[in-house]
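Structures for review follow.
Next come two complexes, and both contain chain A; in the first it sits with chain B, in the second with chain C.
And now, the complex of A and B:
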């Protein structure tokens, strides 16, 4: 007995860092081979980041949001409004803040992240005490309300939306250059991956999974489910708003009908679910697959995207509840060390 | 034991706890207390209200009346998570493993309450060794059989490093050797200073382990006292004889 050295199993780990490294390498190589398709590249990589950010709440905490467009919108609108002198800065100046000059996008994005976190904390503390699908329903409503506000207020550009004529350079780089935007988008994905790996190893990550699996079981172990969900939501909101700011730069001009619509929220959720919400990097895979799919069947998508999304949700939940990554691991488990 | 009881104040004291579901009184003004190092056996036929009493004491249902004192402090309105942090741990009669997590990870969720990083992992693993589950550490909890799920319940409770432990039928359903192991373990835990309140249907287990037995039926107290006294109490015998299906 004692002669056999039994290897003691470990659970505490950042998860498979090699997969993330591989994903980042592939993303960095994309412009080398597809330099002509940078629009597709930037938006796909941004959505990979959105799906990763969504999954911190949707996958780790198990709270399905169909309103992440609201958080994305907060990031995009805040950053853009602050970048256009006659809108945000002028208003701030009128209440005695600032000089009325344009505010640099990085500060605008930071402000958007703060606002998104505040929104998520208010929204979460109102809804997380209720169990079941109330949160999902509320998330649709919140995005809808923000959209109505954006459409009806002159300040936010009404239904016309906003246009950013120019931006300062970022360390000497032109922010409207697609290659620069691509780099920033990859940086966004890298941040979401790092945050996810840190969660994977942390006490917070364990508590979130416990809450997802069984709230009462988690409470018995000293975990406050509402608090854990709020933490996940705040992290998810901050990252989504960060991506939202980058998305606004990429779009340069946007309107509430495209940015704050339900299909955008569904698309983000679906990318994570298709990729595998209980896998570390699944959302990135889902985003790429869905984006390529959408590009190949572009005509089909533009006329019936919600219908296609509906069918995809059905197919995935029925045949591959663990998503694409789930197909590669037994029972679709990947977040944990269970094999 | 009586000498000990006389000097130490109870760690947990429930006074006239009453639980109602609509018009149904599931627990009718029950009082009980447990001291450090003491094992209190809670018995009663099916549906007597034992689990409901546990739920009230651990914060999962709000009592309609009565008070719960822990370490001299009124905790009647505290949430389950706050009670867990104070040192109260429970198992669930119907096991609640986090199915997507491995056995070790399940226990780490608990050991993270008081430890960080590798310390939490080490504690979780040593608890698994203690309950005899370390060979299953990497297995998904969903794949455990009933007996092992019971052990996992206990492991999670122990990894909280509690001072008070509620055990809701952790022995029933185990095979005889496993039962014997569990009995030894529970005795060791009490000897190390834990206050234990346990629900068990197997009379012999209750007789061996308990310092004090409380018997309830239909939510009411039938009898309490030392194990022999309760086991021979006419009301208790009647309540158990009246139940043919057990």
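And now, the complex of A and C:
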């Protein structure tokens, strides 16, 4: 008797790992060929990471947030405030914590991630009772209130923003060197890819997909939708704050008008959606494609750089709900959801 | 009159008149949501379009800003009709998420086109009556603000007559209540939906025209007003038109009183906090147990 060979579908996870590895390889090769355009490189790679982090909530949990700039801002502000001795450390010293010396950026970033997770837990537990567009609306409102606080309060540097004069070296590397920053940014993307790979085939990941597709059905299977969404939000927040800290190092000086604006949140969300929420690496592809488009049309559109986002998101919603990566899979062409 | 009380009334009147314009913006959004279940993220950008149209006509042919209402109304309607008929309706019955993203994209296109056409510099027009005020019982009222308030009133009464006194209005209400049922009764729901989107955009454009003598126009001004429109409609209950009017007045009053008595820096925050509270505690809006539709 011959055993019936069960034809396994060409394992998606296998292919996916290779795609991720390929993307990382391409990112690592970039400085070799475009060593002169490192500013563009660092910001593009950071945004790829932001889009990946956004997609954990937006793609896997299906909650479209237009407030991620707030989480990015929490990461950037916490790290920077702690790195400037006169600001964070002096205040901490006055309440009896620490010596008042500058706190190293890696600890600052970690603190930012913790704060972002706490924020996301409060934010999420309040707003996940709302569904669909309501969640999106409330995410805009929360981000805007945080922005107003950053602009109007003294401890955040007000509308002037913050400036980091110097940072300690990181294992002997100068953190303001673009090549070092590029390496850290790629590391950030690698982390987001790894986390997404893990989530995808984990119990949490399947639960998240179940919640996204049918909340009532998921509940019937014993999954707590609110808890699942909170987990996704917390992971997304931690990763976004991590990137936010790196972004602050890259910028060195920033102000709330550039860091906490709605267009930044929109940009992150649209990169992920245009790249393809269906696919694991879609957000990275979206970020790179949009950054390249933005650079190509920079002279033509100058400050109107979001025009291309508007056009592409319209094209994607009308003709390719699975985003760019969705065009390559049969499933993605039908559904705008990650699997 | 007691000066403290006078200051209070002055602030409140100012706030309510501004609130009237918010109501006008909010009604358009609420109308569109009521019929199509779509949250129009481009709403404020259509308002910006109305502002810049007025600015353009004033600078080129010296047309009085209030005359451009006659142009903004049909143009806004045509634009909205076109967008719904040829763009948004193509999304078919897909998730409301897609239409949300599509309108977000439209908004980005509009605001960035304005940026390309007019530059980022805030601009305004100089009309002799822009800063005129008159005093009534010790309360100063800006003429432009009063005209805006009256314009809002006319627009709201007009919309009400349209919805409740005409055959078109009946068809719109029927489509809002039950699209399939309406279609079975011979209503062309596609045309009705396009008409409603046109009306919504026209309302936003009118609000833009009325606001130009009061505010600086800049390409991203719409972002603020999209948010204000959200706040207004959520306060009143999405799809609830009388609710939107009250929501608008409420927002105007809260903003004005809050910035006078607490801090002007957080002017935009008061509305947002009220908005979050309503979303959390009474997602159906301040009035009514169920969401009333158009």
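One rule holds in what follows: the second predicted complex is superposed on the first by the 305 of 339 C-alpha atoms of A that agree within 3 Å, B and C clash if a C-alpha of one lies under 4 Å from a C-alpha of the other, contacts with A are read in each partner's own complex, and residues count from 1 in each chain.
By our rule, contacts are C-beta pairs under 8 Å (C-beta built on N, C-alpha and C of every residue); 3 or more make two chains touch, one makes a residue touch a chain.
Because the structure is predicted, anything quoted here is derived from the model rather than measured.
S.K.: For A:70, select first, second, both or neither according to whether it touches chain B, chain C, the two together, or no partner.
M.R.: Neither partner.
S.K.: Just to be sure I read the superposition right, which of the two partners does A:310 touch: chain B = first, chain C = second, or both, or neither?
M.R.: second
S.K.: Just to be sure I read the superposition right, which of the two partners does A:271 touch: chain B = first, chain C = second, or both, or neither?
M.R.: The answer is neither, since A:271 touches no partner chain.
S.K.: Let me test your reading of the model: by the given contact rule, A:129 touches which partner, first (chain B), second (chain C), both or neither?
M.R.: In the superposed model, A:129 contacts chain C only, not chain B.
S.K.: Which chain A residues are contacted by chain C in one complex and by chain B in the other?
M.R.: Looking at chain A, the two contact sets intersect at 336.
S.K.: Which bits of chain C are touching chain A when the two form their complex?
M.R.: So the residues of chain C in touch with chain A come to 39, 87, 90-91, 94-102, 104-109, 111-113, 115-116, 120, 220, 223, 227, 230-231, 234, 263, 265-266, 268-269, 272-273, 275-276, 279-280, 283.
S.K.: Write out the stretch or stretches of chain A touching chain C in their complex.
M.R.: 64, 126-127, 129-130, 132-134, 136-138, 140-142, 144-145, 148, 151-152, 262-263, 266, 270, 273, 301, 303-307, 309-314, 316-318, 321, 336
S.K.: Which part of chain B faces chain A closely enough to touch in the complex?
M.R.: Checking each residue of chain B against chain A gives 58-60, 79-81, 84-85, 89-90, 92, 96-102, 104-105, 108-110, 112-113, 116-118, 120-121, 124-125, 137-142, 156-157, 160.
S.K.: What residues of chain A sit close enough to touch chain B in their complex?
M.R.: Listed in rising order, the residues of chain A that touch chain B are 8-12, 203, 206-207, 209-210, 212-214, 216-224, 278, 331, 333, 335-339.
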